[in-house]
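See structure below.
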């Protein structure tokens, strides 16, 4: 079965990113396909490359990046939500004349149409939020 | 009177940063002193330099920076909360071997002791959160 | 020695107003702001509870947050004072400490 | 045609469990997880309400979230099934759609 | 849109939070405006504190935030004309439909006659409506 | 600490949320550990869902998050020994003090005798306690 996943909250503050990670691992373990993981609202902050969590804690951005690489996951950060909150890739950095970008490897920035498309293409859309 | 302000949530997602901004402007207008504004939890995200909110909306990081410059406000971002969430200044960037920093002008990164100190030194500590 | 308690969430959504009313000492002040202004309106499921609490506590509500939500200051529960940010600052200064119910 | 409803907040803190019980159609399933597991425990202020809803809805609760909060799976309300993340995935697949009450 | 390919699903946008206290109302509206470009069956539901999103006369000047309430009245132009408000949520808040914006659309199948697109529905009707959705997005 | 200069204020840390669902419990604890280095009068209050922060036998292996519950038992070593739990909050949740960790400290004024630092207090007592604080930090 094809799953679409929506994550509405940033890492650490709410459990949503953790819960989604466990859900996605379980779904992959059962042979399901993950069509796309869409990061919306504060969820875009999961894509930051600049996080340095304590050594004895999990590193959520890294876990998502690694899982994406291993399973070819499509991690999409909403562009409108990301602009508000200061998440930029190299292209967005140039376009807005900023001095830095902060998007982790394995994430891409795209529009809200990607969320609707996930709703259409996936057999189930599951949202994790506050 | 001396006020200390604590902001617990990031910009845009919750009203806390907006409410705090209005409160601080009113307090300054009445001649009160703002001893310190401490950004904790997701509140650290108010310090991002990379935000590009829609043109017809307010730019909270910029409003805080400008207010700080105008009135000599002390805007402190909690280091522990900031590390988790990917907010770094140039020093932190080097220390952690990252390629970018994203802290706005007028903000500084420091420890939780600054929050306790604000509680001790200020006549009133007012918290804005979720 | 009285404290200012602030509540910024709707009593329909969260339990913060309820906890505040339970643990605020008689004679304290309560300021409702942000989505908390919903708790100050007449004819809601919670209006009666707030009215009753007014025998022990002074209530204030932030006008700008009422207007933002398309509500009318005329429909605020009788006895709750509508204030602005300047008054919010004054209330903070006049009370000994502020507790934000988050 | 039944739906899976998920609730991730404590009924003490938020109104999401209440809204879910009000608007979930008879025959639907409800999964309690994250802080929502509090709604699945015996002897709380909400246990009776959840028990009553079990005549119309099937309840599940995520075991790992119970354990994290130091609660015991033995104290889950009778008739609520304790599940793991694999079961969460199965429940999602078995129902026609998922509504997250946020 | 390229992805539709004839698939038409029932999408429900469930709005349960007051505006301005959090951003969910605004960012839900942003999704809905994008969603309108896909040929899907769209319903918007306003229940619990979500009913406050539709109030008339919102005025955000005093809080320094953008007033986005005018956008709801443009939904009709995007062919979004199934907007449901839970009756009991209004009643518990001492509100009536007169406190809400009038929302309409022009019916192209009926000589562009202006028609109502906001429907106050009871709990039972809303329960049935939610249950028949293929995709529920919660805000 | 350099900033204390003889000023001793009553600081209350108000914990009202369950652990793990949100980070507030953990980050509150981080503040308290730093606060211990300042010579201030510290009280911790656990009410509403905050009482779940102190449960015994928390096991986070299944959710992939760090278990920080052991830290509470170290508070005594930091001279933090006024920890209040609201009785009614426990009761409404079907919990008793036996479900919570035992929290103790060694009293240096009493030959380092081990003493209880966790107190279950009723609503009225808690109300009075909160009201006499100079600074309340809410999590």
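Worth pointing out:
By written order: A, B, C, D, E and F. Residues from 1 in each chain.
Here is the rule we use: a residue touches a chain if its C-beta (ideal position, glycine included) is under 8 Å from a C-beta of that chain, and two chains touch if they have at least 3 such contacts.
Predicted, not measured: the structure shown is a model, and the values here were computed from it.
If you take chain C and chain E together, the chains in touch with both are B, D.
Comparing chain pairs B-C and C-D, the larger number of C-beta contacts belongs to B-C. In terms of their C-alpha centroids, the spacing between chain D and chain E amounts to 27 Å. Chain D has its Cα centroid 26 Å from the Cα centroid of chain A. Within chain B, contacts with two or more other chains are made by residues 12-13, 15, 19, 22, 41, 54, 57, 125, 127, 129.
Looking at chain F, residues 20-23, 48, 63, 65, 134-135, 138 sit in touch with two or more other chains. Those residues of chain C in touch with two or more other chains are numbered 8, 12-13, 15, 34-35, 64, 84, 97-98, 100, 102. Listed by chain label, the pairs that touch are A-B, A-D, A-E, A-F, B-C, B-E, B-F, C-D, C-E, C-F, D-E, D-F. Those residues of chain F whose C-beta lies close enough to touch chain B in the complex are 1, 3-4, 7, 9, 11, 23-24, 27, 30-31, 34-35, 37-38, 40, 134-135, 137-138. Residues of chain B that touch chain A in their complex: 10-13, 41-42, 45, 48-54, 57, 61, 83-88, 92-93, 96, 98-102. Residues of chain D that touch chain F in their complex: 8-10, 12-13, 34-35, 38, 41-45, 47, 63-65, 67-71, 75, 84.
The touching residues of chain D, when paired with chain A in their complex, are 6, 8, 33-35, 64, 84-86, 88-90, 92-93, 97-98, 100, 102. Put simply, chain F touches chain A in their complex at residues 20-23, 63-66.
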